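Read from first to last, the chains carry the letters A, B and C; within each, the first residue is number 1.
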Amino acid sequence: MSAVSTPTIPGPRPLARRIGNVVRLHLANPFTIIGTPVIVLGLIFAVNWMIWWIVRTAAPSDPQSVADVADGLQYSGATLWIFVYMMVVAIMAMNLTFSFALGFGSTRRDFLLGSGLTFVGLAAIYAVAYILLAALETWTGGWGVGGTMFNSFYFGVDSPWWLRLFHVFALFLFFLAAGSAFGSMYVRWKARGLIVFFSVVSILIMGAVALVTVSDSWPAVGEFFEVAGFTGSYALSLVLSAIAGAAAYLILRRATPRN
Amino acid sequence: MDESRPIFQQIAEQIENDIIAGALPEETQVPSTNEFAAFLRINPATAGKGVGLLVDAGVLYKKRGIGMFVASGARARLIAERRDRFREQYIAPLLAEAHKLGIDADQLARLIHDTTPEESHP
Amino acid sequence: MTAIVDVQDVTKHFGSVAAVDGVSFRLEEGKIYGLLGRNGAGKTTLMSLLTGQEFATAGDIRIFGESPVENARVAEQICFIKESQKYPDDFKVKHVLRMAPRFFPNWDQSFADQLVAEFRVPLDRKMKKLSRGQFSAVGVIVGLASRAPLTFFDEPYLGLDAVARQLFYDRLLADYAEHPRTVVLSTHLIDEVSALLEHVLVIDEGRLLVDSPADELMGSATTVVGGRDAVESFVGGREVIHRDGIGGLLSLTVAGLTAAERATAKAAGLELGPVSLQQLIVRLTAGSTTDFTENAPTTPIPEEARA
């Protein structure tokens, strides 16, 4: 056989460009990440607004009752679905978008870096929008009817806006990171992998609960979160998000887009 | 396309036929390899090989940077070659089949004579 | 020779199944290759290995001299149009085509626009709502307009009608002529593409059966038909690729007859028939191949025949 030569090929395009391409891939159809959430949020808002209106007209209008209602409403979980939706977005991204990106010549590493960047960006944008809506809510006196959707207890009503921004951001990021981890488990090990994972997690949680109960440590656990406070707890979630992200990275590094 | 022979041979033969029929006159440019390939829906390398056969045989020649041309005298040469091969390519199988069917040479000659004298196209 | 793909003894196991089994070959720059074989023969797995989508169990793969695994430099030179390619659920055709230029450095937008019009692909329809033919057409458009130096088409025309398939062949040939590149066409529909191929690889049950220039392969086999005894005595100890018989009649497919041998066969009253590429491969990979594969050389045609 004659001597074999290899044609030289140009170097790869810069990393930033490749990662940017992956970001664009995730955002290719803006409807998924902006359209759908806005529409569903709008519907939930409309339903909630009617409930607030009914409550407001039905409830006695003395100051004590109004305060009670407001106090009850701040435990509203009306916006929780949007965090769950983000988890679904992340799961889909890891599964289908991963296959597509590899089909278009992205490396797994570039895909994961681009996805991470996208998710951090999405969490930031969503958090800002969330806090802006919360401000609007306050400014309009609860959308004119004393309602509460965004000034939720869970993000610390008494905290300054920038701390609440951090809380919301951390929670978005957590759901996106968890979704990424679940999605990558699915790609690598299919349903069986998820079943095994959740079984193990359930056993661990039950074990932990049993351990805490047996050792009479619930007060200590409560104390921990009390000391940590909202901000500390959310900061702790960042650690979990980082672990989930790292897991997604390690899992997808050896995954293949298969049917 | 006939599958008993490599495609590039068939391409060469097709170009020869066009030269013999006068569709490609001498000293005119023939289509490029890529044009042949696109027209016949074959791989350009295969078309190139077919054209190459004719270049080697002196039927076509290259003008650098312009393209491929039919050599002068190519048509007469091709016809002479085809005549040489006519006996083995057409007469021999004809006789073999006639023999199989019990048609003798005289009957065959008459058959040929009686059949409408249409120019048989190689 | 300029090899842009160099595969040495590559094996891929899925559990206990060897989807690709000890395969070695080279692909040279600027040729159209046919990767042929039955469904499930290992074609898609092999291409997934070459494009770094799968990890080889053993062996060495060099694409442009480098490993394709997690290699952005190599990946940018490749376009792999997979028959089973998955798209994000929310993707419409226009999203796919909008992303393509970002990922393929040689993308030609006006060519893509032309192909979209010619294949009549509905830009605003979701990928998962497309018919099989439209789905294939999107792949064909991306594969052609990307002009990647190494392009793989995995069963590119499933569901495409005759007109669209012809359009694909025409555009492929014309664009390949203008922008030479290496193309690998994987298919089990061989007759339609055989004239497009310069070189043929046949894979069966994960193993490489044939690695040969297409024109030599096409002329390489002949079917000898006649009375059982006459055929047997003519064929003698020659390697038989395929055997068919009814009563006293026998039809044997054998490799490479010389002109003199053909004349002998005809004189003996035997019928000689051509074997198309498709027939040849069907015969090589049909159930009765086990006999053949055991003594078949992987490369029946000598390399020095090539200029």
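As a convention for this text, a residue touches a chain if its C-beta (ideal position, glycine included) is under 8 Å from a C-beta of that chain, and two chains touch if they have at least 3 such contacts.
Keep in mind the model is a prediction, meaning the values are calculated, not measured.
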By that same contact rule, can you tell me which chains touch subunit A and subunit B alike?
C
If you average all the Cα positions, which chain's own average lands nearest?
C
CA centroid of subunit A to CA centroid of subunit B, Å:
73
Between subunit A and subunit C, the Cα-mean centres are separated in Å by 45
Rounded Å distance, subunit B centre to subunit C centre (Cα mean)
31
Send over the residues of subunit B in touch with two or more other chains.
none
How about subunit C: which of its residues touch subunit A in the complex?
1-4, 6, 26, 29, 48, 52-55, 62, 64-65, 70-80, 82, 84-92, 95, 98-100, 102-105, 149, 303
Write out the stretch or stretches of subunit C touching subunit B in their complex.
31-32, 166, 169-170, 173-174, 176-178, 195-198, 214-216, 218-219, 222, 266, 273-277
Can you list the subunit A residues touching subunit C in their complex?
1-13, 18, 21, 24-25, 28-29, 31-32, 92-93, 96-97, 99-100, 102-110, 254, 256-257, 259
Per the contact definition, I'd like the list of subunit B residues that touch subunit C in the complex.
1-8, 34, 37-38, 40-46, 49, 96
